[in-house]
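So that you can tell them apart, the chains are marked A, B, C and D in the order they are listed, and the count of residues begins at 1 in each.
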Amino acid sequence: MLDKNGIAQRIAKEVKDGYYVNLGIGIPTLVANFVRDDIQVEFQSENGVLGMGPFPFEGEEDADLINAGKQTITTLPGASFFDSALSFSMIRGQHVDLTILGAMEVADNGDIANWKIPGKMVKGMGGAMDLVASAENIIVAMMHTNKAGQSKLLKQCTLPLTGVGCVRKVVTNLAVLEVTDDGFLLLERAPGVSVDEIRKATLGRLVVPDTVPEMQL
Amino acid sequence: MLDKNGIAQRIAKEVKDGYYVNLGIGIPTLVANFVRDDIQVEFQSENGVLGMGPFPFEGEEDADLINAGKQTITTLPGASFFDSALSFSMIRGQHVDLTILGAMEVADNGDIANWKIPGKMVKGMGGAMDLVASAENIIVAMMHTNKAGQSKLLKQCTLPLTGVGCVRKVVTNLAVLEVTDDGFLLLERAPGVSVDEIRKATLGRLVVPDTVPEMQL
Amino acid sequence: MIHKEVANAKEALQGVASGMTFMLGGFGLCGIPENAISELVRLGVKDLTCISNNAGVDDFGLGLLLQGRQVRKMVSSYVGENDEFERQMLSGELEVELTPQGTLAEKCRAAQAGIPAFYTPAGFGTEVAEGKETREFNGKMYVMEQAFRADFSFVKAWKGDTAGNLIFKGTARNFNPVMCGAAAITVAEVEELLPAGSLDPNQIHIPGIFVQRIFEGTGYEKRIEQRTVRKRPGSNG
Amino acid sequence: MIHKEVANAKEALQGVASGMTFMLGGFGLCGIPENAISELVRLGVKDLTCISNNAGVDDFGLGLLLQGRQVRKMVSSYVGENDEFERQMLSGELEVELTPQGTLAEKCRAAQAGIPAFYTPAGFGTEVAEGKETREFNGKMYVMEQAFRADFSFVKAWKGDTAGNLIFKGTARNFNPVMCGAAAITVAEVEELLPAGSLDPNQIHIPGIFVQRIFEGTGYEKRIEQRTVRKRPGSNG
């Protein structure tokens, strides 16, 4: 079974040479730490920066330089700043190659819910609805089950949707799954996790091939 | 009766302090020469410059600095350059206060035709359709009649339209006219021109007040 | 050159009244019009509709207007980090219209550009699309969204000139440029106001035609919400 | 940093084929992609659809493609100053779709921005609106226009870096920025190509994400169409 860093590490393998990548808050942010340094990748943050670098050294924080999580950041050579309209031109216009974000629920048809729990305080969708509606390549990073132990991979989302039929891949603490017409196709098991455990933790349709390799991290 | 410079001079009086102005090709271009220098005005050219100045001194022409008529220009302090989308944001978004352009025909309901003569080579509308459809304050600068002596102020345009119901004022070699619900309201006569001459040269509905003052240039 | 300079926030906010709709630039606390917000607090105008990506924190940014119960409605994409906001929203005092961030930006840009409506894929199939027209283009579904209409835009830039031209810095740019010219009156506050002609015409982010009033702000706090740092290599700890 | 530099126009135009749709930046002869046009002439690709505000003059710019009868259709706002163009158009060899200039720019920008369609007042009540949907918003009539789709965009910038970031100069900016990222592949040629990190991130007009290939052009002619000057005060004549 993976921890959050393990999920991030596995997802980092999906980041290919030449990709522009948008990372959501939470586990997705950790992905940047695991991307191979022999490939060329640029990170976009929807508040208006391309070419994000690591956090600044202490004392070098700049209030005018943050990411979408409102964290202070730095930029790398080749970076650029732009306004919110051009930022979402990048996203809506499918110029960003890969979007990695968290979710509360994913349905086996690719629907995603990650912004609202009825009855609880709703903070808003931020850029998530634009991201999921636009990106051609969306990977969800999340725990396979919620804190109550209930599956987050469902036949149908129970929470208000963020986007419909848009998720392509899900990487959880238990498995890597691809969204297909027949439901979640089980591609890989986390180290030490059995197909049966995954089956039990998945409420949506699950397609299990004859052999399901263990993840290589 | 006015010549082209006279028309430009009369129109220059319509340019008020604080106006952003877009000048079309031909007579409108001449207007810049007559604007009072004690008021603040900026000229916009739709190819992407605000704050146009006079033509450059010989030898100082810059191929990267032209107006919409493809003429070499200069800029004044406070000028800015921008792309074609932002340029038409200024126009379509009604940030330009006054548009002055030429016409082949104007109808007494404010319709304008100035881009196409069927059977002749059609060069295109350029930015004229955006300008007339968007501007709240459009003044047409033209001769009252065409080369064949026929009125260009009509009940209805005979040529393909550039815009509908958009012209507010017309300044010709003979008169200043305002477009009203009742047709062309005769505001001023050119020096030495009688109401009768204007009546004869106008095919559209003409409203003649009791007194029609002579233009003050 | 058309002169846009006014003396201060007080002069810049002439005409502001209760019941109006405002756009306010900024993302989180980054690039917010601090001086305009302070003046709105001082004026005590009420019943406001505020279009702003976020709603500030309890004791800074738009949170200051919320504390004085000056806001009737917020149009935002994300409104966390604010207890007073949550209290007013849950009690029904405050109306909240949540809009996807890209749609929010584009609705401002549409107002600036004289585009009354456009289609976006964001929110299709979700409650954001409820009551809105949807439509297929090239096999994909889209939602029709309309341009915002507002009385004032309050934006913050880094440098400006007396002709109203603006240059932004870093990610403090965010929503500020798209709100310029998107309301009837745009008020820009800048950290440094220069004479017209001081800025390179190639490098102006927003031409002065989109700005009605400009002033040099004072006392910028520029608060950081999430101070994240790394250790210097070789440093202690 | 994602490396976008290619050696020259030949390499930059890999994949270009007859029957394709291209966007070409420039207004008149100002800011046109001279190197890309020369390479298109050399390649001899035919049956092209060219989206470009103008069509060059007889012996320069897009006029060179027209001379070789490489163009099947032009989408432009203004096509004067070109005898060969006129001949081909009147003889029916060349199809011409005239589009208002602001609509042309916005249709490019819509493609760049993933907006499939938008409404504009331009052309309402004229033949430009024929066959198009029209609609009222807030008491005014608008025409629905759709985003362009193109295979390649060819743009020209002043400075660029190896990450594909672009800076334009003067009015040579025009349509170039809005065509970046508006086609499947965007090819940028620049007068000066610099290492990534050389340009101020605040001052980049088009981020490299919108550009797939970039190269330093050669032999720019930058022809002036209408050389208009004034006499120096005190000079002879």
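Some notes on this structure:
One rule holds for everything that comes next: a residue touches a chain if its C-beta (ideal position, glycine included) is under 8 Å from a C-beta of that chain, and two chains touch if they have at least 3 such contacts.
Every value quoted in this text rests on a predicted model; they were computed, and no experiment measured them.
In this assembly, the chain whose C-alpha centre lies farthest from subunit C is B. Set side by side, the interfaces B-C and A-C show unequal numbers of C-beta pairs in contact, with more at A-C.
Centre-to-centre, using mean CA coordinates, subunit B is 36 Å away from subunit C. Mean C-alpha position of subunit A lies 55 Å from that of subunit B.
Taking the mean of the C-alpha atoms as each chain's centre, subunit A and subunit C sit 28 Å apart.
Put simply, the C-alpha centre of subunit C and that of subunit D have 33 angstrom between them. Along subunit D, residues 106, 109, 113-115, 120-121, 168-170, 201-202 each make contact with two or more other chains. Residue positions 49, 81-82, 85, 88, 91-92, 134 of subunit B are each in touch with at least two other chains.
Chain pairs that touch one another, listed by label: A-C, A-D, B-C, B-D, C-D.
Per the touch definition, subunit D reaches subunit A in the complex via residues 1-3, 109, 111-115, 161-163, 165, 181, 195-197, 201-202, 204, 207-210. Contacts from subunit B toward subunit D in the complex involve residues 45-49, 54-73, 81-85, 87-88, 91-92, 111, 121-130, 133-134, 160-165.
Remark: subunit C residues 106, 110, 113-121, 137-138, 140, 142, 146, 167-170, 201-203 touch subunit D in the complex. On the subunit D side of its complex with subunit B, the touching residues are 27-31, 53, 76-80, 86, 89-90, 96, 98, 100-106, 108-109, 120-128, 158, 168-178, 205, 222-232, 235.
The touching residues of subunit A, when paired with subunit D in their complex, are 18-20, 40-42, 44, 49-51, 75-82, 85-86, 88-96, 134.
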